[in-house]
Structure formats: structure tokens, C-alpha cells
Amino acid sequence: MKSLTINHLSKTYFDPYAAKHVTAVQDVSLDVPEGEFVAIVGPSGCGKTTILNMIAGFLPASGGDIIVDSRKVSGPGPDRGVVFQSHALFPWKTVLENVAFGPKMRGVGLKEREEIARDYLALAGLSHAAERYPNELSGGMQQRVGVVRALANEPAVLLMDEPFASVDAQTRMTLQEELTRIWQARRPTILFITHDVPEAVFLANRVVVLSKGRVLEEVEIDLPRPRSWDAMMDDERFKTLSARVLQLVRAA
Amino acid sequence: MSALAQVDAKPSMAWKRLRSALYFVFPLLCLVFIWEFTVRIFSVHPGVFPGVGAVLKAGAESIANGSLFLHIGASLARVLVGTILAVLVGVPLGILMGVSPGVSTILTPLFRFFSVLAGIAWIPIATLWFGYGFGAITFVIFNAVFFVVAYNTLLGVASIPPQLRNAAWSLGANRWDMLKEVLLPGALPNIVTGIRTGLGFAWRGLIAAEMIATNLGLGYMLFLARDFYRTELIVFGMIVIGILWLLIDRLVLAPLERRTIERWGLVR
Amino acid sequence: MSEAVAVNPALRLWSGYLRLVARHPVIGSVVPFLPLIALWAIVVEAGVFPRAFFPGPVDVFHSFVDLTRKGILPAYLADSIVRLAVGAAAGMVAGILLGLLVGLNERAHRALWPVLLFFQAIGDIAWLPLLIIWFGFGLETMTFVIVYTVLFPVVLNTVLGVRSIPLDLHRAAQSLGAPRWRILTEVVLPGALPNIITGLRNGLGYGWRALIAAEMIVGTSGVGFMMFDARRAGSVVEILLGMIILGLLWYAVDALILAPIERATGQRWGMVAR
């Protein structure tokens, strides 16, 4: 089962300057079934990154469990692919080498892993950039490669922390459309984090609103797929759902 | 809220400083301990390496008879005179070269060549031209700092965006204003970096030159002690040299560089 | 209005020169020396200074040919280069290993960083008297000085490089399934490489000066020894020859070793660390 479940997750930081404990995440439970696209939205500082870093295994949890693929996890692992806001591509590797990195770590031979990488690059329309270095790409392309790199490792779940927050508005819309397209084609399990309400509603099957480290409410997004921004702009259902989520976030 | 946080933060900042000072000193104290321990356990011959006590005694002696301060004074005077002369000549020359792209195209390779040679390589010819003593050593210091400072000034002036110069012209600056208000401050971070690098070379050049060409100064003190196999005096001299350079670099040069570079956000 | 204004021939010459330099940068770093050498020759021929005290380019060239024919210069040059290469290689390997340890391990950093700064501050040349007592005027002394000199810039820069690798890159490698030692080879080493090369550049710059100083003070051969021997004999020509050779040697090291590595790594990756 390529699903993600978190039970009563919490995190307390120690702030050395104020010499006191700060609770960033409190008793969060969440279920992302196999092949589902769930988005967490909430204002800045509500604990989104903390949750994702715990799931990814970058931070130890103060309490609660994280279950991926029916196994309790602690520490980072290839079963959870991460897409970073800062793309985190290795500057000293070409695009192809970056995408082939996960298979390489699994011990896949050179020829085979390059084939895998080329397949995934083709999926995102990036074949022409395979031999380039990350710094030779535009911000949007870097972000695409980051997504492809995580996908090519075939993780049980894909964790994305505001991956499109630092690209320009037009590119962001294209990237969002591409992501829904890839999701429909491959049906990976995705947990997507953002502070951008329309983005969450456009992408996800379900939106979880987070407030001050707690889950405020979950909203089912029953919009038809494939989704495109041209269609969504005038879609009444999209407007009401966005308005509702926005209200929750603003009340948070 | 933020005012409160600042009040909270102040004592912990002082505490942090103290703690980082302790963190710095503690490993060095451990090192002194290991040194003494090793010398005793293996009963190292004092002619090979001295114990802590002998070094302290040699240090106390050289302080008591005043010779330490004579040597330090001589070394610092040479560094100071050489560096000041080098900056006084190097900065204007660097600016002159930097304002004209033609001149800098021609002179840059020459300065790169000479800044590569700077310092130690000039000792033989300096001692021939000036004889042994203050003149030759100060020339070596001057040389080590001059070319590096002039070259860095040139780079600094060349890297000032042309819009800044145009802005100053159109705001009514004359040539002198331009120099004072735009060129000098614009090149300052590079000048300071140049001084720091140049002094690094100069300090080594100083010690080498003093071993070869004088009868006063820290380098001479070390070399003289070698003649009598007085390792405790040599080690004491090395520690003095290390501490002096740390003080110069950490208390004068590094803060100066940080201030000019970070303050203006001119991180390069 | 549209009539072409006659271009000043001097300007035309200048722009021709600029275009030439843009196409062949080597010319740009050679041509400026021609007027300097000419000026030098004129001052010497004018007899402003006694010729033995201030010989001209022709004299230096004669001494170059003479010393080369006798085999002294090639032998000394080879000595210096071998010492530098051996010392630099050893210093670099030790420096990178130590730098990785100090950069990656917080405890090692706390314990060793102040010690490193202090030993760097003492400087190589101050060790010479003690080294002479220990090893005499030999190869060990010289090698120690160069290793010592190259070591510190490499260590300090490696630490800087290791610590400047963004946390997200470590995390990305971890979550793509890289075990610890793979992170060392795939993330830490390449990430620190531009800084390591900067360290090597500084280290070679210092190490090479230290070598000259050591050869002057304790040497029995090498370019530094040649210069200081010439000084004892009062032969300014050979001192000047030595200085020119030292300058050219650095150009060669820079153009043949350092610059190509820099072009192939940090500059290509867009992460130039300077």
C-alpha cells in the first residue's frame, strides 16, 4: 500500500534565546490513501514545513507516528521523495545525472539508470535539457527537474513543500497544469504543501487547512479532471471551493 | 513584542560571546597540557623540544631584560612604515589606473606579475640595493603590500558601476568630489582586502628577511636562538609571532574588512 | 551628416589591439611587458646606475643562456619544482582530509578550529630555526615548510566549503536513498570543490614563497638558493633572472593547472567561490 498515515504527530522546538519550548505542531492526524493528491494550506508559520520535514525524516517528531507503505518510519529514505522549494538540484551534476541519482543510489547500472532518467525527462518535456547543468536552466525548468528527480526514484509518496512559490505567475500556472497531468498519468501519492489557496484547490483531491499547528478542517475538492486554468477561471464550483478554503485560512 | 525580545536577547548575547571565547581558548589550553605531558612522559631532550616551564622562563627573561619589546618594536615599526608607505603610494596609483580602461588594459598584466613576485623574492636584491637593516626589510614589506594593494584598488575602481559615476557627474560632482565621494569609497572593500592579503605576505616576508638581513626583530631573535640551540627561546618567539599575527588579523584587519564589505552589502 | 569622420590612426591602432586581445588573451598579457623591457634597457644604456648594480635585459638573457648551457638553471629549477609538487601534493591530501573532518564533525570543529588558526598564524617561516635543529639543512626541512604552508589554506577553505553546502542538498541526497559515505562522495566533496581549489591556489601562492625563503635560508640548491648565492657573489644579473623565472613559473602553474580546473568545475556549475 503506497499510502501515508500520520497519527497524533506533534513537534516542540526549544528556543535557546527565549529559553522556552515552542509547540509548532500539535496532535495532527492525517491520511493520504494510495494514489491520492492531498494539499495542506495555512498561513506562514503555522507549521507546514515542520510537518513535512518530520514526514521526510529530516526532523525527529516529538510525539506520534508516521506510517508509509504500512511501515513506521524514522529518518529519511527513498520511499518518500521530496521536492524542495529551493529545487536542491546538485549544481555539479547535469540534469540527466541529477534525475539518475536515485536509481544510482539503488545500484542501478549506468545504461539502465540513464534510460530511466530519459523516460522521466521526456514525461515532463525536458529531453532537450538533459546534458545541461542546473545553473543553465530557468527557474521553472529547475523546478520541473526537481519534480522529475523525485518521481524517477519511484517513491511510495511524494512530498512537496511550496515547490512553485519562487517562480513567476505564468510559469507557476504551467507547472501546476503539468503536475496535474503527470499525477493523472502516473497516479503517485502526493502530499503538497502551500500557502496559496487557489493552488491547493486547483491541484488536490482534498485540502487540509492548518492553523497554529493543528488541523482546522478538511475540504473535499470534487472538481473534474483534467483540470486547466482556462476552464477553472470561470468555474463556479472552483470559485466557491476557493472562497470557502480562503475563509477558513483567513479565520485561522 | 520585538523590544521585549531584544531586552531578552542582550544578556544571552554577552553570555554567547563569553562562551565562544572560552570555546576558543579551551582547546589551546588542552594543547599546552598535551605538550607538557608529552615532554615529561617521553622525557624529550630540551635541545629537541622544550617543556612549558622552560618556555615561560625564557619568556619572562626576555621580558625582564627588555629584549622582547625591542624585537617586537623593531618588527612592528618595519611593518607599519612599509605598509603605510605602500598604501599611500598604491591606492592613488591604483585609482589612476582604474579610471582609464586603456591604462588598466596595459598595466593589469604588469601588476599581476609583480604582485606574484611580491615579498620574499625581493630580499636578495633589496639587501644589495639598501644593505642589511631597516631599509632593506622595510622595502620588502612595502613591496609585498604595494603591488597587492595597487592591483586590488584597480580592480575595485574598475568594478564601480558606470551609472554611479554618471550619477555623480549629473549631480554636479567635480573631479575631486568624484575621487572622494565615489571612487575611493567604491574601491574601499577591495583596498581593505588587498591590505589584508598583502600584510599576510608581508608578515612572512618580514620574518624571513629578519632571519637573513638584520640584528634586531622577531625573526632575528629566533635565528639567533638557533645558533645557541635554545629551543625554549625559539618556541617562545614562535608563540609571540602567532599571537601577534592573530591580534593584527582578528582585531584590526578582519573587522575592517567585514565593516566595509558587509555594511554596504558589497559581498563579493 | 552621414559622412564618415576620419578616425585618428592611433585610435585605430588601439581598437585593433583590443580586438586582438579579445581574440587571443595571451597577447594581452605579453605585449604590456614590451615597453617595460624597452624602458628598462634604455635606463640601463643611459648609464644612470652602474651596470653591475643594475644590469639590462640583454645581460639577463645572456646569463639565462649561460646558466642553461651549464645545466645549473635547469637542475635548480627542477629541484624547486619537485619540492613544491611533492610538498603541495602531501599538504593538499592532508588538508582535504582534515578539512572534511573539521567541516563535518561539530566536536572536531570545536576542538581543532582554534588550534588550526593559531598554527596558521605562526606561519611556516618561523618554524625554520626549529626545523634546522631537528633535521639540519636538508630536504625534510624544506618539505615540512611547504606541507605546513599548503595545509592551512586548504584546510580552512575546505571547512568553509563543506559548511557552505546548503542543507537541502544533504536532505535531497538522503531522501533519494544515499547512504552516508555516498553523501560524502556525491555531495560534500563536489560541493566543497570550488573552495578547495581556492585553498589550493592560496596555498600554492604561500607555499611557493615559503619555498623560496627556505631555499635562501637553508638551501643548497633551487631557484631561491641561486638568487641568494648570487647575492653573496654580488651578481645582480642572476638575482633578476631568478625573479623573472619565479614570476613566469607562477604564470605557468596558474595557466596550466589552476585555471583549467576552475573552468571545468565551479565556473561551469555556476558556483564560483572567490
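Going by the order they are written in, the chains are A, B and C; count residues from 1 in each one.
Note that a contact is a pair of C-beta atoms (placed from the backbone, for glycine too) under 8 Å apart; a residue touches a chain by one contact, two chains touch by 3 or more.
Nothing here was measured: the structure is a model prediction, and the numbers come from that model.
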Lowest number of touching-chain links that must be crossed from chain A to chain C: 1
Most distant chain from chain A, judged by the mean position of its C-alpha atoms: B
Centre-of-Cα separation between chain C and chain A, whole angstrom: 48
Chain B and chain C, separation of their C-alpha mean positions in angstrom: 19
Distance from chain B to chain A - Cα centre to Cα centre, in angstrom: 51
Partner chain B, residues of chain C touching it in the complex: 14, 18, 21, 28-30, 32-33, 36, 53, 110-115, 117-119, 121-130, 132-134, 205-206, 209-210, 212-213, 216-217, 227-228, 230-231, 234, 236, 239-240, 242-243, 246-247, 250-251, 274
Contacting residues of chain A [partner chain C, same complex]: 56-58, 76-78, 80-82, 84, 86, 88-93, 101-102, 105-106, 133-136, 149-150, 153
Contacting residues of chain C [partner chain A, same complex]: 166, 168-169, 171-179, 182, 186-187, 190-191, 193, 265, 268-271
Footprint of chain C on chain B - complex, ascending: 23-25, 27-28, 30-31, 47-48, 102, 105-110, 112-114, 116-117, 119-125, 127-129, 200-201, 203-205, 207-208, 211-212, 218-219, 222-223, 225-226, 229, 231, 234-235, 237-239, 241-243, 245-246, 249, 268
